[in-house]
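The structures considered in this document are given below.
What follows is a pair of complexes built around chain A, which joins chain B in one and chain C in the other.
Coming up: the complex of A and B.
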């Protein structure tokens, strides 16, 4: 519901910093994606440098070597060693010496191996703490699949404008917890990390490596294209909402997150733009965030009255009713004051 | 103008890897791949072991990186599962195109008929064009026909395969649409929300 004539409180001066966070988020998502694209090239270049065999390379390999030397020359004069600082993918990797792993990778490894590798477990600690504090922040701010899924949703919106009506089925969001459970059980039963085969960020990182270093995309790329089609033709952001095993894990971990978006009812005008831009189909206008919210801040960025804020609290607010700047609230207030006036006159009579 | 420039930069970054093509490992056990031939003491480019009917079949392709214009070899073994006895009859080798452009395929061509030497069937080949091919080993044992197909790649694979083209096209569409329409997106999403909620 978007109230066409809803009244916006005029913004005074510059918008608060939190309203710019969505731009920062897009910057982070783009950088992570570009990093995933760049790392395989760096790794191949690193192996060429380590081989000390420039004269034995084919002309195309020499061109590649020369280009990478030109590109990375200003950054490092020892690529063989220095590029070890950044390795891997968002599934598991090294970022400037800090080893990080997706908590789903850690959990799946434990399930598959039936034992805990402490060193690997520790690599999941920082993402785990971040999730406990900030909720599904990985989904909203880092996941390379989110970058593409959000572009895909923008594409769906444009298709609708062109007159192509796309279906939007609402499924049960609890289904992804079943996917997570089945993935872990299969990992335990087979000894292979099954979840990595259906987890889009793991697939994207892996497929880019395949494409660059092994000469072509594998079946994972086809699977990911199918998930894009699923989002487009079945349910909007359907994979993240209903199927993603990582999303399920992050939702569970972020259930009692400390940093939450909340609505300041006194500043809200019920315009519903927040609901319109929410990729997860949540209901910020009625205080409906829950454990699915990934703190992406798209709702904050779009709010014309800056009525959405970050707060430190482990629980969502109870529904506060219509926004005080909206028509519904004003109408009810007018009605109440009218009734009070009637009552006063009656008593006086 | 600015928008077009940014779009160009974005597309270059996103599609660059697809255009540049794959980077290749160029050494096999310390030797550059260009010096390998079918008799080199290197791993095969492909080794497959499989069970077909009553036979256990193994085949390998040498050299590690078959190239157009250079000779290569298939080593083929077949042993009966029941008693481990090597197959002793004749094996016919065929080849046909296996590229994804089906309409471009040529008819199958017979490579040769081979008899075993020490239980191994050796079929030499030399392809003039790089590409994806399908080899077929065909023999008859105990009145049953056996046909075993296996793929063979000659030369480096195409820098962009069908999935690569699909991925590149999807990226191109998604990024360009989002960049070009970015100012309208919130309004369009609000319209969509209004239509879906029926208000």
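Coming up: the complex of A and C.
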């Protein structure tokens, strides 16, 4: 279907690769979440293997053991050792021997100890560089909370279609910087990493482990449910936009990111689908990206004229005005030259 | 929560709290699954930090948690008796002679048999009466094994002593 306003330049043939990135992003988000689900089961299986006591297990434990043995059999014949290669969560983990940590974990730990512990600082280096180059890429592409928040957002769409009215308030996006600051100050004051208690991805990683291997969900799950309800009933993607301390840190780090989404004004038809789809409430149609953009590429995927592109530049474009394929621009051109549409197209080319 | 132990090789309590980022990898790595995690019940400062309650399940001193800890809140210590004796300070076992079967004249010796540092950390006299030495690291296997209820031997953690 051709979107309104794009009649004179319909999309032809295959879409560019960048339009498929959103699917790739969902694949990555799903894989990360699946991994967080799988790791506790693997850890339990490891402990069963290490016990060398198959005959002493209860029937249900034996079923679990058999199932895991069947599942992991093709991958490894030494689960006790091999599954040590991947451990932990996105908060801090070991990936095939490479230790990675959330920059927020590193910063909070420094605040709590009042000192830099170099070995731990180094584990946050790769995510830090990635954020400096790519912006809030963690928020859009990896965060297990994003996975659930976006599903929650889709659920809200279903509810709206059913006629249930959900408020959608806009709060101040700067509030999350205050949350970050308070979290760090509290960490410094108490000498304990308290940001871990209010940071959803850290909570999810822990809670999945608790639920699978430690006998049930803890209080973090309740906190996360509240944030889901907040997103549903108060503000769309509200926690990420307005409250998340990690999001605040990444926004700051990603302010001068090198990889940016930008609008090609000559191809834009002002359909505003990008603005509607943007989970972070940004304004791609009028070049309003800023430090909040997490390069999730949802706007690129939804754009009917492929007018949004990735570019290597440390700054956003200045507002370019209405898209050249849109009615507003054509009308203004017609008023200026008396020649409908044509002038604008040649100017753009 | 009255009495808990930190995983083997943990820093002293204040240092531990400022290092631990609550990632939970120690619990995930523990093959014995004896490491549990605090909820909000013990205060926000302890939230998400690992602990061991020896009567539930005690530490087998495999030292895997220290290997995986990203911040060395749990120090990496090689799994050698010498290194463990020198560096692990979870707590110290204390025998209640009024409760202990051996001290009451009924030869028991279960704690002695459970001790991974037998004759170093825990010695026995006649009637298998246990005597805890200064070398005890506080893994809690004796407390876990004690057949008395309440237990006649228990670990007093260093942060509580």
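The working rule: the second predicted complex is superposed on the first by the 330 of 349 C-alpha atoms of A that agree within 3 Å, B and C clash if a C-alpha of one lies under 4 Å from a C-alpha of the other, contacts with A are read in each partner's own complex, and residues count from 1 in each chain.
Simple rule for what comes next: a contact is a pair of C-beta atoms (placed from the backbone, for glycine too) under 8 Å apart; a residue touches a chain by one contact, two chains touch by 3 or more.
Since this is a predicted model, take the numbers as computed values, not measurements.
In the superposition on chain A, A:193 makes contact with chain C only, while chain B stays out of contact range. Once the two complexes are overlaid on the shared chain, A:113 sits against chain C while remaining clear of chain B.
In the overlay built on the shared chain, the residue A:76 is in contact with neither chain B nor chain C.
When the two complexes are overlaid on their common chain A, residue A:302 makes contact with chain B while staying clear of chain C. Of the two partner chains placed by the overlay, only chain C lies in contact with A:101; chain B stays clear of it.
In the overlay built on the shared chain, the residue A:213 is in contact with chain B and with chain C.
When the shared chain is aligned, chain B comes close enough to touch A:53, but chain C does not. Contacts of A:332 after superposition on the shared chain: neither chain B nor chain C is touched. On chain A, the surface patch touched by chain B in one complex and by chain C in the other comprises residues 40, 44, 47, 51, 213-214. Residues 13-14, 16-18, 20-27, 32, 34, 156-157, 159, 161, 163-164, 166-167, 170-171, 173-175, 177-178, 181-182, 184-186, 188-190, 192-194, 196-197, 199 of chain B are the ones touching chain A in the complex. By the touch criterion given at the top, residues 39-40, 43-44, 46-47, 50-51, 80, 84, 87-89, 91-94, 99, 101, 105, 108-109, 112-114, 117, 119-120, 123, 190-194, 196-197, 202, 205-206, 209-210, 213-214, 218-220 of chain A touch chain C in their complex. Per the touch definition, chain A reaches chain B in the complex via residues 1-2, 34, 37, 40-41, 44-45, 47, 51, 53, 56-58, 60-61, 64, 148, 151-152, 154-155, 157-158, 160-161, 168, 208, 211-217, 221-222, 225, 228, 272-273, 275-277, 302.
Chain C meets chain A in the complex at residues 14-15, 17-25, 27-33, 36-37, 39-40, 44-48, 68, 70-72.
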